[in-house]
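One structure follows; several queries about it will come next.
As written, the chain order gives the labels A, B, C and D, with residue 1 at the start of each chain.
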Amino acid sequence: MGAGNTFGKLFKVSTFGESHGKAIGGVIDGCPAGITIDFDALQKELDRRKPGQSSITTQRKESDTVEFLSGIFKGQTTGTPIGFNIPNADQNSKDYDHLKDIYRPSHADFSYDKKYGTRDHRGGGRSSARETACRVVAGALAKQILERRNISINAFVSRVGDEVVPLHYNELDFSLTDSNLVRCPHQPTAVRFQKLIEKVRDEGDTVGGVVTGVIRGLPAGLGEPVFDKFHARLGAAMLGINAVKGFDYGSGFDAPAMYGSDHNDVFQKNEAGELAAKTNHSGGVQGGITTGADVFFRVAFKPVATLMKNQQSADKKGDDVTIEGKGRHDPCVVHRAVPIVEAMAAISTLDMLLMSKTNKL
Amino acid sequence: MGAGNTFGKLFKVSTFGESHGKAIGGVIDGCPAGITIDFDALQKELDRRKPGQSSITTQRKESDTVEFLSGIFKGQTTGTPIGFNIPNADQNSKDYDHLKDIYRPSHADFSYDKKYGTRDHRGGGRSSARETACRVVAGALAKQILERRNISINAFVSRVGDEVVPLHYNELDFSLTDSNLVRCPHQPTAVRFQKLIEKVRDEGDTVGGVVTGVIRGLPAGLGEPVFDKFHARLGAAMLGINAVKGFDYGSGFDAPAMYGSDHNDVFQKNEAGELAAKTNHSGGVQGGITTGADVFFRVAFKPVATLMKNQQSADKKGDDVTIEGKGRHDPCVVHRAVPIVEAMAAISTLDMLLMSKTNKL
Amino acid sequence: MGAGNTFGKLFKVSTFGESHGKAIGGVIDGCPAGITIDFDALQKELDRRKPGQSSITTQRKESDTVEFLSGIFKGQTTGTPIGFNIPNADQNSKDYDHLKDIYRPSHADFSYDKKYGTRDHRGGGRSSARETACRVVAGALAKQILERRNISINAFVSRVGDEVVPLHYNELDFSLTDSNLVRCPHQPTAVRFQKLIEKVRDEGDTVGGVVTGVIRGLPAGLGEPVFDKFHARLGAAMLGINAVKGFDYGSGFDAPAMYGSDHNDVFQKNEAGELAAKTNHSGGVQGGITTGADVFFRVAFKPVATLMKNQQSADKKGDDVTIEGKGRHDPCVVHRAVPIVEAMAAISTLDMLLMSKTNKL
Amino acid sequence: MGAGNTFGKLFKVSTFGESHGKAIGGVIDGCPAGITIDFDALQKELDRRKPGQSSITTQRKESDTVEFLSGIFKGQTTGTPIGFNIPNADQNSKDYDHLKDIYRPSHADFSYDKKYGTRDHRGGGRSSARETACRVVAGALAKQILERRNISINAFVSRVGDEVVPLHYNELDFSLTDSNLVRCPHQPTAVRFQKLIEKVRDEGDTVGGVVTGVIRGLPAGLGEPVFDKFHARLGAAMLGINAVKGFDYGSGFDAPAMYGSDHNDVFQKNEAGELAAKTNHSGGVQGGITTGADVFFRVAFKPVATLMKNQQSADKKGDDVTIEGKGRHDPCVVHRAVPIVEAMAAISTLDMLLMSKTNKL
């Protein structure tokens, strides 16, 4: 267990690192042996998350280049732990000296101090979203393993502020997700998302959003019946991502308004002669166990807490302070969160896939 | 780990049991020594969950009397594991013989068969919500321990179908929650909830709902920064409850529509001269760690899958079948879920409270 | 984790219960589905451990009948947790009232009090070897599963006091182990063991001994390379048994005196044309991973701490007391430990067998 | 869990790295906040383990300099995970090309191939004792934390081949342990050890030995009663070290020959008026829980498997091969194992110390 810096049971990633320390990194333990890694595809996932990639992300300069240190021999996994580092190019921690005694609104400054009696105040320290790059490394690897078994994981931005994608995910073409800066496969909505984010950025403000995820090609039988339901593990994975305020799957928060006779997914033979449900309010999970239908889910993100305009707050002594809006920050985080959501979904799914190999002898 | 029948790390409950086996039960490990147990209060929590308690719950007859077998000596916990059983009075499994080859819509029949190649089909077997009685045992114990440290956990029904409680939780008096059958502390809404549930019941249908939970009196510093954020553990606890489709906390699914300048919780000295945030969109958690403010959250429940009217579905061979609506079932499950939500919140909270004792030496 | 009352990762048993409480019992989680249980064979293992079985065991009366409560349907495991109870027939706790403030020599009275500030003093409470009956339940089940895969686990008494079995385990016929009261397959030594135990018993004293275990038929590839080496997990399993003072495997404590040129196990083709080592100083494990050769190990037991003659000690206040030798106790525990050693070896082995299914995809 | 590359529950270390990869390293999670690290003392522990330190160790050149990447701010732990790397200076993997299809006697070549279907054959890959440097990093940190609480951990070489230290550990002065190359605090024996090792080295052979460990100043109450007994966790820690064949504590493998009346540790008031046992056959642990007396234990090491003289073995195809004795190897490993034994004892002890903080509220 340790202090919660590890995710996964059989396929397990432990991360370390602060925003402005020497490096971030981690250890992936339990990766099956004999997997050929596509390093380019893996780095591409990191590039999707990295800062400075466009006009609507923070301008911090980080190449986010991952260096693998172990567990891979001649391009293949060996079954032993995969250690990796991502150096922090930007360690200009002086930028943060003025914040060391200040509790920024809706940041982790106050709660860290209460918990540990000390904290690395530079750029949010451990609470910085920079840590999520390590999850993307592990997740991109998991995604590759799943893809070769025809399990695909796709996430996209489905909402920014008041703007929403008006279509069901089945009507979208996920190959278009990365065709725009906001990672929305519905082009007209993407335009509105971008406009809204630019407006918010120009006002020095930030805005929230929703990332939707879809897992296709899952075999039936993943997930455990009671506490480790497929969606409970997936939900824990999502709720562990910075700035996430909610998770639902299938009918989700629409389910409370529904009647059983409408909500129930009736089984029948499909065209291929296989038994499957006609509808999928269940979101691909029944009794905590996958049915083979798509698992789809939503992840709600709050607006970024760091603003580019001045804010009131207090310092350690309780005195009022004004925090100046400066530095390099994201007006909206959801498009950068897309690869993180995919990564955590991949880790969670691969973990349960491995677990399912032990259900029968 | 096993197969996911255990929740908690330091305060840990493992459950066992099927709907129509001899008994359900569990083991609570890691309960601190020297706790005097209020057995009446504990049984009362079980009574809140048990079937047959009113006209709007299933009429199955179960006294749900818990028998403790170990770990308690002269009314006090000894620090050793607490084993307990709850006998299944009603084992009339013949009632279910007609269902043994049928996949009921939105039940776990199909997914269990796919996972295990076999299943105990009687009353849902392990997937029955009957298992949650064991969580209530552990949770009621945790709740007592927390209450003596002035941490209170209250849940209530905030939505049934289209009907919602129109007030903020801070305007409600939780001592009224159990004053009506639907466990809603807002009496006018409770009347509407009950009417709606009765209407649905009379139609042989079911309806979903939302349970809201509030944890007060938490010290700052609980929860771990990365994967084991306070709300990630709490969310996993909730998503592991039967019929749950979503979880959010604080601003939750409203956060995506908000701007940072509105969402941020600004710190200032309160009347008592203590530093605290003026608002609480954060839901009492920042950076995954409690701030000392209330933690509040919502849990979305789908409508019960078992209807009292006929439904179409298929059997193992894929042939169409009609499932007759008979037996004893709940038209709505949310009021019975209230003690379960409280129980899982209590287990999760106590676990993280124990964990926090190891942050500093 | 909880407080260490759980063993195993994938095949996992959690136990509860005190010597003189209502019952002992446990939960087996992660047992694969579809296993037909031989209940008679399982009870027979419990009978091998139970008290009162012969003139050289304690005369406490316990039938040690296990009652299964869940996880089994029509004689087969379902993949869901297997809950079980073993009632304590003998709850005559009055016998122990004189001991409640006394710290018996080499018992857990003192250390429990220091740890928990309280203890169930009746018959040793949780520290009683009675708890091991629960391990035998889980272990006997694991043993059955392993046997059907041609993995056999045999333990026997190889030493009592100064008397030792003079032969290598390969020269013994394990079908004779249970042909005598002392569970030693070498009949002449068994006679000497019994004589020594009777002499010690008649003197009101106790004596230690060694149990040797042999696992045959293991596939190569079980165990993990670093901390979870096959023998590290096995050793932890053995060291968790009451009264155990040491564990070694293969050349064990003879290895320190050896030279590498003698100790090394040289690979060559065997008669069947398969590659295997000529010798087995390694004890079937190299680099923490099984080679397919026999795993053999020794477990050292101290003499039972409860004597039938008077002893000095002190009470809580530090005053000297004389403890009278009375009650019903074992003059030697090793023959009753044989099924416990087999049980823990079986749990540990099955757990690693399941784990090995996740090494490759 | 992952694949067993993590040790500890609350204070937890995960390691990665192969003998001839880019680097080895790890993540320490759960280290309490606010600990000032003595980096020099820590590096000194690494130096005690590193290769090339004397004429009786391998001549491989490694400075074993640890680089900390996170979790430490201004010289103090922050409570967040401590990531660290130790670069592999010597990556001359060509030296091992001739071994890639050969199964060396008593190495992990064969078992790794069977487990994973592939392996990094360079210098033993993951099975190399090089990995233990990472344990020393975590262990040295744990040792510092314990020392400030007056808990000391000392190990020393008590046997090499047939030569043994003739005194009880209480008669030795541990400040002398590092005064000779063989890390034996009894100077006359140290001379005999060194002579024996040099003789063995000159013959191209290797020899085994025993490391004895002593933990002093432990509070009573550490360890958990059933599976996680103090000595069971400690034993697992030791059995996870490369080349270890056995572990015992207290009376250990001498206990089987003893009578209860001799073995029992009788409680009485000591000179300070505190209750304590007169003798310590228990080895400081009763019922799995520390009593406050010294914990002492022995760890048996086999002779190093790599010889400097020619040996027979087989290759993958089963053909006989002769392995030439060349390269840089240790004639005896026990003096280098001393800091590793101390490190693992420290990790295990600190972990249980943290755990004990949750026994009572």
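Going forward, contacts are C-beta pairs under 8 Å (C-beta built on N, C-alpha and C of every residue); 3 or more make two chains touch, one makes a residue touch a chain.
Just so we're clear, the structure is a prediction, and the values are computed from it rather than from any experiment.
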{"item": "Repeat of the C-D interface, chosen from B-D, B-C or A-B (over half of contact pairs identical by residue number)", "value": "A-B"}
{"item": "Comparison of A-D and A-C (more C-beta pairs in contact)", "value": "A-D"}
{"item": "Distance from chain B to chain A - Cα centre to Cα centre, in angstrom", "value": "26"}
{"item": "Where chain A and chain D are represented by their mean Cα positions, the distance between them in whole Å", "value": "39"}
{"item": "Chain A and chain C, separation of their C-alpha mean positions in angstrom", "value": "46"}
{"item": "Residues of chain B touching at least two other chains", "value": "1, 3-6, 9-10, 15, 30, 33-34, 79-80, 115-117, 126, 225, 355, 359-360"}
{"item": "Interfacial residue positions of chain C with respect to chain B in the complex", "value": "1-6, 8-12, 14-18, 21-27, 29-30, 33-34, 67-71, 73, 76, 78-83, 85, 115-120, 125-126"}
{"item": "Residues on chain C engaged by chain A in the complex (per definition of touch)", "value": "1, 10, 30, 32-35, 79-80, 145, 149, 225, 354-355, 357-361"}
{"item": "Chain A-touching residues of chain B, taken from the complex the two chains share", "value": "1, 3-7, 9, 15, 103, 105-108, 110-112, 114-117, 126-127, 131, 159-162, 200, 205-210, 219-229, 231-233, 235-237, 239-240, 242, 245-253, 255-269, 273-275, 277, 281-283, 285-292, 298, 300-307, 309, 311-314, 318, 320, 355-356, 359-360"}
